[in-house]
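Two complexes are shown next, each including chain A; its partner changes from chain B in the first to chain C in the second.
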Partner chain A sequence: MTGVSTSAATLPVASTGRVHAAVKPVLWLALGLLAIEVLVMALEIRPYYLPRPSAIAANIMATPGAYLAGLWRTFLETALGFVAGSLFGVLMAVIFHRWVTLRELFFPLFVVSQTIPVIAFGAVVVLWFGNTLFAKAVISFYISFLPVTVNTLLGFSSVDPRQVQLMRSFGANDVQILRRLYLPAALPQLFVALKLASSLALVGAIVGEWFGDTTGLGVLLLQAMYNENVVGIWATIVVSACLGMGLYSLVSLAERKIVFWGGEQ
Partner chain B sequence: MTQGTMALSDEGSRGAAADATGLIDRLGFSSGKVTMSTNVKLEAVEPAVTGEGEKPLIELRNVSKTFGAVKALSDLEVSIRPGELVTVVGPSGCGKSTLFNILAGLEEPDPGNVLRLKGVSSTASDLLGKVSFMPQRDLLLPWRNVIDNAILALEIEGMPRSEARRQAMEMLPEFGLAGFEAQYPNQLSGGMRQRVALMRTFLFKRDLMLLDEPFGALDALTRTMMQRWLLDVWQKHKRTVLFITHDVDEAIFLGDRVLVMTARPGRIKLEQVVDLPRPRKADIVTSPEFIALKKTLLEAIEEESMKSFQVSGH
Partner chain C sequence: MLNRRNVLAAFAAAAIGLQGIGMGAAPAAAQDMVDASLRLKWLTQAQFAGFYVALEKGYYKEEGINLTINPGGPNLLTENLVATGADTFGLSGGTDSVFAARDKGMPIVCIGVSHQVTPFVFVSHKDGPVQTVADFKGKKITTWFTGANHVLSAMLSKVGVDPKEADIQPQQVSVTPFVDRQVDVVTATRYNELYVINQRVGKDKLDLFVPEDSGVSFPRDTLIVSEQTAAEKPELIEKFLRASVKGWKDAFANEKEAIDIIMKISPTLDRAQQEFMLTEVKTLMTAGKASTDGLFTIDKTAVGSANDLLAQYGVISKPVDLDAAFNASFIDTIPAEERRL
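Let's turn to the complex of A and B:
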């Protein structure tokens, strides 16, 4: 009869293979690089078309500061845009879910907004906000919120109506039902979108930098291109890929931790 | 008395399913001829309407419900006294669930009805949050562990989590869930999930508890265990219960009264008082009194099942 007081917050959550999952993409990358190195040497491909990965690595190691600064800058832009886009995306999903009229009015507009090529839109954003970090974050934001809204709505629609009725019979109001039922139930779907949005946000940030800036991976890419520095281009691509994979892994890790129950229901 | 805390193991031979199969056989093999002759007998039992002494906790009169062209309920009359355990049986699609949704405040009956809670005239929506309702499926939230699922209703009421958890922890042993508080629904068996759902309903302390086929999805052995256990818990807590089932044995074994509903549109066809002594032992199902009751009820249900079959089955 004694109540063993265990706080549910401190429950052990199954976490097998978490480290493994984080390391695995890195391992694959290393293996792929090795294969390319061997191929480039064996087929005698000219560095103009594809430099050896070891040459690319040497290029990065020669001026690590420039790449790190670019990485950091682009990361900030991406992260800012991604977080803002995700929050906005969820918020819009909640609004569209709660007020169906608003969804009918504005959701088509949302979709149309995404058909404007980000390049065209990017020029305007840079005109508005200047060559600032904020301007790039806005482009990242613009490109990443829609999948979040769409998938969150999808997650909401997967909620069992009987579950809602049960909550109502307990006297729950809309906010309680949203917090305790709809939002958690949408998490599995939401994370699918977040993984996609993290990659999109990076694209937004890099493209945004092309409109003018002094640091960032997009800037490095442009500089290398104008100088016909092929190894430099490839080095930037590698660093961008690392950033992209890092972001994706981070979101996956969060998913494993938060959506521990899987897609049940 | 030790029955309340007895270990309710869900693993077990499925041999006890014979019990349920027997029921199906009876339903299937009795012919229309029998029902004709027993109709008279049923009429004689019917006038046993409540009205003695105690004021009803909840009273429905002239309650109808139409969905488009379908009339689900028609002039339904039910009244339940405090502390009673009333079971409802009827052919499938007879509007049992509609009745429950009205009582849970989720659906408004057609105009012209009388719905009184403790003698006070109410609309169905007044009942929202006044009745503890347990639907057919356990509907546990997969992201909440046993204890947090059980306290869902208390949380919604605004009780602090720590207090709600403390109350739930005290109830765990009684529901055969001691030591399982930190488990998640996908780690539990069907019977255990159902007990968590029942515990959630019990913790939401309301005058009336609505149980909609809570044991319908369980295997026969687990079901009989759960029935005995429910009686123990009910007798201890003295709650008013309305229990939907389509298992006649279950209806008689549990109920003070059994209400048989007609085929759609649903009405109360027969109200059968079950005067079997309590506490009821498992072997009561073989007593002659039990068999007699079962015969009466099965005949009434059979008649309605045939009707609904003829209506929908051509």
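Let's turn to the complex of A and C:
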């Protein structure tokens, strides 16, 4: 567990060179885990409620292959769904921004689509695509595109119309205005959405795996849950959390590289 | 340039050569190989060991079936996937789900019953307030509202207790509320929850209430196909059943090997629990009529009692036509002595 979080925490080092800042969270994490370990033992909390962190680590180390295979599979599904969802989300925002009639027609449908519970939708996806990696990516895609569309539209609306008029007066066409003005202006908002979408995509992939599969973190979670293997549940939660943190860090890193002018960080 | 072209040519030749080999070998094997899939009712575990053993040992291949086993999950209805043709075969919930599907007009047929008797029991603490089924009155009971609740109602009615007089709640995944005595009676499958309860409470501190003792039987884990498959590919069904029976006999003859196969697919499972599961599943699959007629026997009497029970409680609008819903002709092509353990 600390292995993965270390690599996530060392990411800022590469860009900023502040070793201290990277070591500190790891130290806090280690200290926190130690505190939980001691508390669980001291208060004699039964393992069904909260197993000791060392027991969780031992559980992962007992069958590391299964967890690694699950991690990889879920990562692939999430990445596929996330990338497709983000691209689709931005594309729809551009279309909705350019053609207001389309937005009035279809945007409500987008919202409606998000009110269908993934559980109901998932059964249909399995009927259509079977037990494939693609089917899980579709669920991931389905729950991750809307925040991207909404936030990108929000970013577009923050553009000063006078800037658009200025570019137009210089003879810029729609594509140029989109590339040079609207998209850069929407980037900070877009990255907020992407961070959100990365977590949602992971949830989508894990839920997708609840519709029958042999590998994946969702499968491990389900198996542990129904066998009342509480240590196994926690082990899967920890691995999923590492994956979630990793994805989030990747998006954050991209944000720092791309939105270098961004004032948030 | 010339060099590169040579290399390319060599690659092309190799590719053609490989293709040639592939084409040479493929038709011989592909000629009578049929693709088919089996959708399970749950994730990979010892409950389905026989199918995995048959797959691992190539019994389906020997019968000319290229079988894929698709695990199930919550919110997945096997009947649905088989009726639409997404899966060829299905190991579905049980007689309850077959009746419900037939009642809704889904074109599925049961070709074999795996668990011959009710696979679940009702459990109470030996030193608790519930000693007999009559004691269920006014107590807090949790059960599954997918058929088990009707078995419970029937058991209560038999001893003159109105089911409304018991506090019956839907059962969640965990049996912890029962272990902590927040619930008086819990429902447990013999192969899964009962193991956890035995572990946490102690086997000798529990009272078990068996539906069969109250004259209620609810066979579960049914093998199903679509009506279309049943009509058009009877020989495929017979081959599938033959290979499956062979796999199950192997699984019961060599339990260690069967568990090894399951653990290889799902290494995070608890081996001891899987061993317990296989032993219990063996009891369920060889109980009742299966002890004489062999695995996957369709016991029309037991199935009929479940049919009447569900119709009586209004779960299905009227009793389902048993002969249309349960077709024993496929499993009966395999002689009983081959199906007996």
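Methods note: the second predicted complex is superposed on the first by the 230 of 265 C-alpha atoms of A that agree within 3 Å, B and C clash if a C-alpha of one lies under 4 Å from a C-alpha of the other, contacts with A are read in each partner's own complex, and residues count from 1 in each chain.
Here, a residue touches a chain if its C-beta (ideal position, glycine included) is under 8 Å from a C-beta of that chain, and two chains touch if they have at least 3 such contacts.
This is a predicted model, so every value here is computed, not measured.
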Touching partner for A:223 - first (chain B), second (chain C), both, neither: second
Which superposed partner A:184 touches (first chain B, second chain C, both, neither): first
Touching partner for A:211 - first (chain B), second (chain C), both, neither: second
Partner chain in contact with A:79 - chain B first, chain C second, else both or neither: neither
Touching partner for A:90 - first (chain B), second (chain C), both, neither: neither
Partner chain in contact with A:130 - chain B first, chain C second, else both or neither: second
Partner chain(s) touched by A:176 [first = chain B, second = chain C, both, neither]: first
Contact footprint of chain B on chain A as seen in their complex: 1, 3-6, 8, 11, 160, 162-163, 165-172, 176, 180-181, 184, 187, 260-262, 264-265
Residue ranges of chain A in contact with chain C within the complex: 48, 63, 65-67, 119, 122-123, 126-127, 130-131, 209-214, 219-220, 222-229, 232
Chain B residues within the chain A interface of the complex: 101, 104-106, 128-129, 131-133, 135, 137, 139, 141-145, 147-148, 152-153, 155-157, 165-166, 169-170, 173, 179, 181-182, 184-186, 204
Residue ranges of chain C in contact with chain A within the complex: 39-40, 42-45, 70-77, 80-81, 84, 86, 173-176, 192, 196, 200, 265-270, 273
